[in-house]
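For reference, the structures are reproduced in the following blocks.
Two complexes come next, and they have one chain in common, chain A, joined by chain B in the first and chain C in the second.
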Partner chain A sequence: MTWGYFFKRVGLFFVVVLTAMTVNFIIAHSVPGDPIGGVISQMTSRGGAVENADEIIASYRQRFGLDQPILIQYVVYVWNTLQFDLGTSIIYFPQSVTGSIVAALPWTIGLLLVATVIAFSCGSVIGAMLAWSGTPRLARALAPLLMIFSSIPYYLLALILLYVFAVWPNWFPLGGGYSSGTVIGFNPASLLDLAYHAVLPALSIVLAGLGFWALGMRGAMINVLGEDYLTLAEGEGLSRRRIFLAYGMRNAMLPQVTNLALSLGTIASGSVLVEVAFGYPGIGFLLYDALRASDYFMIQGICFVLVLTVALAVLVLDLIYPLIDPRIAHR
Partner chain B sequence: MVDLGARMRRRSFTQLLSGAALGLALALAPVAAAAQDVPRSETLILDSTLERIATPENYNPFLPTTTLQGGLHQVAFESLFYLNLETGELQPWQAESYAFNETFDEVTIKLRDGVKWSDGVPFTADDVVFTMNMLKDNSANLGNWGGNAKTWVKDIVAVDPLTVKITLTATNPSYVVNMFGARVYWTNQIVPKHIWEGQDPATFTNFDLAKGWPVSTSPFGLVSANNQETVWARRDNWWGAETGFARLPAPKRVIFTSAGNEERRTAMLINNELDTAYAIGKSSFETVHQRNPKVVTWFKEMPYAYTDAGPRIIGFNNAIPPFDNALVRRAVSQAVNRDAIVDVAWEGMSRPIKFPAPSLAALAPFFEGTEDLFAAHPNTEFDPKATEALMTEAGYSKGGDGFWADASGAKLVVDLVARQTEADSAKAAPVVAELLKRAGFDAQFRLVDSAGFADQVFQGKANIWLAQINGGVNNPYPSFDMFHSRHALPIGKSATGSYSRYANPEYDAIVEEMGRLAADDPQFKDVVRRALEIWLRDLPVAPTTDSALLASYNHTYWKNWPTSDNPYFQPCFWWASALVSIVAIEPAE
Partner chain C sequence: MSTATPITRPRGHAVLRGLAELGSNVKLTSGLVLVLSLVALAVIGPLLVDTEMARPISAPTNRPPSPDYLLGTDGGGRDLLAVIIASTPQTLRLGLLAGLIGTVGGTFLGLVAGFFGGWLDRIISTATDVVLTIPPLAILLIVAASVRSVSVEMMAFIIAALAWMHPARSIRAQVLSLRERAYVEIARISGMGDLRIALFEVLPNLLPLIMSSFVAAVSGAILAALGLEALGFGPQDTPTLGMTVYWSLLYGAFGRNMWWWWAPPIVILAILFIGLFLISVGLDEAVNPRLRRQA
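Coming up: the complex of A and B.
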């Protein structure tokens, strides 16, 4: 890799981030509706007679700079965002956007990281086994089942799991991130409680993702199985287990690793509908809430973090790929 | 050969996972402060009515952006009075009594002796004066509380530590009940001067658990808060118990939890994970009751639900064609079969109404003797023939496609806007649109979020919509006042009141006259009749149904919930007046 390529790639990273920020701004501001008006609307729907709605709206529009020309708003937004000043939520003022994201992010990363790693690991092994001639028939029968799960949307799986495991037999909690009224700390009881509450949300993501990883791995494995070095390994009398793991799976994993890196980059975006279905206090739920209320600054802040993580993941992957696959070199 | 690289990678991966787990635990630790280990039987778990508690670190009750029903306005603060909708009495709490002068433009409020803030400082008239002046001086930033203070408070003084005198800008016999009585949902709570003085009320969050904030006079203090729940511990040194005003509340801990959607609320009730649940449908309630018979609602039988304070209407934009014409408004109204809305949107739990005020016992006497007016203006009777006649009279005729068009041939388009977050509106919208189509209106409906609704309805862009209207509960004046022309701001500005932009000087004068009279004044009913006559003739909005919010109460751990058999208070645990019930409930065993 040359320095020229490095700087070009980093420059592209900034162009991508800036473009995505601009698109975020345009989309958030194009949605019809006034977020402050929405707050007043909520107040009146709950019985508050608001005598001075126009005065409140004008005051808050001024506070958030929404009374400025759109171009000025854009410049201020870009300038502040590049300094990581994401501002305050409009509909939950004076709650800071950064504070809300920081509070929600650990939940989402904890859930999605574990779920993605499990789905990736299990899916890859299952996929490789599906392509391997020595796999028992029973294991092969898994393929259609996985296809069924992967074709069911996350949120629908979430609802099914809720009914099957939480509503009827009451084996798992109905939602939330931890038991009501408990103290969370770094101790076995708390970690167990967190894990207990994460089982169903994670399971819905794992089940929905297994098929994707398995199919990808199966395709890659079929390609690898036709390679000469496998024939050579068999000819040298290596054990089938070693051929499967060290020669087959290892080489078929490369595209899977690329997809994993991209998936990890999108982890911060959460799994919006799964979090909503389980009332899980993550970033997806936060985004869902912000979108419903046209909370510009919250939407822009969350999207900025998401764009940043995905762009960073792609950048890092691009830069380290030669280390994973020596055949690739950036010049 | 030992593959050191692989071993290191394995070790790094293990360390990474451990680090991530530690980081997660540490990151989550601050969201819950130490809470006492209180058994479930001594814990009261209330549905916050929210999918998430959006502002767990904001206990400023006056910001329009503060989430109130996550415990803040039920147990974080108390109110001077609580209006009891069942008895019609204004129940004194932090205050002992109030008295108006003869012209109802000056009120003297006597505070209760012995009321203390949670930090031990006495609650005095200075706190009331400070709060009201703060609201008045910051009206643009402090929601309806600021607007109301600016509108009504001319002057406020502390006569002595327990006496406050408020001079109003105009006659207003309902001022105390409207502002300080938790009439519907909210109340003007009083904050401690010694905490709030010097703070910017537009940004002050009033949250610091280490300092014991929010400081209040309530029997419950905040111990932890996050997006999932707020947890409140009983203050055993509550002034109410110490002065003998009330017994110490039985729950040692109160939790307001984000129970989420109806399916989750239903399941949580069955599993005894909730002691109350916000509006669920009739079939959901029947399922819950079948599996957990200790969960009950206001009535044992249909219609189950308590009548909510916010009846439903079809709103019209009276400022622009075609609904600036009363004949068209009445034609639309008579094209809608209210029974269909009751069946679909309310599962039979509600009932049609003829005027936009809830069917509460306290309001009925004010409408006695007005039957002739309703008979003369059968606006809410489903009568397609009347619709035909009214539209023809208004100058419309049906085109070849069967839709009404004006003299120039322009089709009358009905673009019905409804708020998707209001379940009954979302269910009623297609029914109303279909009924209007059958009556010859080119009707369609749109479900919008709260921001979209504000944009369309408040700003005057929509011409017809479905909404609720929160007027009077103990006398009809607030309902009539919603149609006063001061609310009818020009298109593009945010209207208030009923948002109908109805303007009629003759009606205004009568409503103003009503506002100057006490509800028990012998002339009051006559003024109501005169206002009603104009209102029914002009029909600024079309009343449809009562609101029937089926709130459930679980008797597994707690008893003495308000029900029709034990109607000591309104069953509205999401209102600011919920504290009265929370203090009254008792352990089930």
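Coming up: the complex of A and C.
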């Protein structure tokens, strides 16, 4: 890996994070009037009296330096955010937004990571096999079904699974991340309980993703199979297994990894909604609560962390990429 | 099969061959049938069913399907058949509007970046990559949380602001390859200006790709809208399919086993997404014949 490539990728990461922060700031400030006053008055007008309203407003003014010029406000905001000072929750004042997010984040990352890895790897293998002439006809008949699943959004799939497996026969829990009364720890009973609650949310992410990755892999594999070096490999009498894995799949994986980096944002958005459908205690559900209560800083903070997580994942993928395809770092 | 790319031609009578050829785009046809049947529902439905019944308290509450109310009624006293018929066109309108704006903007940016290259390309490509990395929901929610009440049109505009990246990216890649073709070279040698080449030589050849980008953008826009609606940020006074799902879940339709409340909008949305998906796969296959073999 060249240093030029490294710095370019890291630079892009910071541009993404800064852009997200700037957009955030501009939107918050393009609403006429004092943002915090607006939020509080809106909450009171809905009938819910806000405790400590004056205290919240005062701490907000002081934190953002609202009597300062707009540029200073922007710098203060960026500085605070970079230090993960995301403000305090309005409903749970004075609990910090960062604290709530840190508690919820492991749930989301665990669910998202496991489900995406399963969907990506299984989907890629299935897609490669669909393009391969040696695959049994019966296996190919499954393809259209997978494609249909992939076109239905995560959220709808989650609701359908919820009904089919949890409401109707109640084989699985209706929601939540663990049974009430369970102490979470590293023991078999607790891990089993966690897995039991994660099956349906994970299944909806996997089912929706499987067809997408299979379809992409199939396209890439068909292109690779048309290359001359594959004909050469066959002419050399290499085993079919070896041709499939080392010559076909390895080369067809490259666009797949690029696609993974490109679609992580969409995947993260989708899984936030899956959490909402299942009441899974990750940041998606935290966001849902915050939205229903108009907890503005919480919403802002969660969106920032979402952007940060995805940008970090993309950065990691970008830095691993030259290991799979050495050409990329030299462009 | 011994070669890596076997080309299997259907044998037999010419008519059979023609049918097999048509069958190769069965996806495009079935996708069109699905989407057009929803359009028909949106156009013909209001003639048969009074959409005023989609307003709250116009029917008795919580009734299961019956001859009087074919899809039953919800907890707010809406006739759910009327709700479906009133909300399907709203969802379609939102998707078409946002998809159109996103595709036009993306095509313009992709064309400019790919054709003129240089610093313009660097700026546009970097911007595309940056915005693609940001989860769309994160930006949409911040906007929605600040704006509060949205109309269908406003929601379409907000979503369109994040719908241009994918078209821009794929159009740019295609333009880069078209730019080097012989006919562009000939046009250039015969003294045609850059703008005219871009508009009259390159753009027409992009049409299939623009069409499939448009379909994908419409589907993406409806998906983004569904995401906002699932969190309760849809239009509050106009019924849309996503908001109907949201209300049903909020008022416990699952727990009360009122399947007629939440199932129909989900079914319609699923048909819509599957239809759009089939159209876009069908279009891809029509453009790239290599994808056509095997299903």
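Following the convention adopted for this analysis, the second predicted complex is superposed on the first by the 240 of 331 C-alpha atoms of A that agree within 3 Å, B and C clash if a C-alpha of one lies under 4 Å from a C-alpha of the other, contacts with A are read in each partner's own complex, and residues count from 1 in each chain.
The rule we apply is simple: contacts are C-beta pairs under 8 Å (C-beta built on N, C-alpha and C of every residue); 3 or more make two chains touch, one makes a residue touch a chain.
Computed from a predicted structure; not experimentally measured.
Of the two partner chains placed by superposition, only chain B is touched by A:58; chain C is not.
Shared-chain residue A:323: touches no atom of chain B or chain C.
When the shared chain is aligned, chain B and chain C each come close enough to touch A:292.
After overlaying the two complexes on the shared chain, residue contacts for A:16 are found with chain C alone; chain B is out of touch. When the two structures are aligned on the shared chain, A:276 is found in touch with chain B and with chain C. Of the two partner chains, neither chain B nor chain C is touched by A:138. In the superposed model, A:71 lies in contact with neither chain B nor chain C. Residue contacts after overlaying the shared chain place A:190 against chain B, while chain C stays out of touching range. Within the superposed three-chain model, A:148 lies in touch with chain C and out of touch with chain B [touch as defined at top]. When the two complexes are laid over each other on chain A, chain A has residues 31, 35, 42, 159, 162, 167, 174, 276, 292, 294 in contact with both chain B and chain C. For chain A in complex with chain C, the touching residues are 12, 15-16, 19-20, 23-24, 27-28, 30-31, 35, 42, 130-131, 133, 140, 143-144, 147-148, 150-153, 155-156, 159-160, 162-163, 167, 174, 215, 218-219, 222-223, 225-227, 230-231, 234, 262, 264-266, 268-270, 272-273, 276-277, 287-288, 291-292, 294, 296, 299-300, 303-304, 306-307, 310-311, 314.
Per the touch definition, chain B reaches chain A in the complex via residues 20-29, 31-35, 38, 43, 45, 51-52, 54-55, 57-58, 63-65, 67-69, 139-141, 143-144, 146-148, 150-151, 184-186, 202-203, 205, 224, 226-229, 231, 253, 255, 257-260, 263-264, 267-268, 270-271, 273, 309-310, 419, 421-422, 448-455, 457-459, 467-468, 470, 478, 482, 489, 493-497, 575. For chain A in complex with chain B, the residues that touch the partner chain are 31-60, 63, 89-95, 99, 102-107, 109-110, 113, 159, 162, 166-167, 170, 174-178, 180-186, 190-191, 194, 276, 279, 281, 285, 289, 292-294.
Listing the residues of chain C that touch chain A in their complex gives 1-6, 126, 129-139, 141-143, 145-148, 219, 223, 226-227, 230-233, 245, 249, 254-255, 257, 259, 262, 266, 269-270, 273-274, 276-278, 281, 288, 290-291, 293-295.
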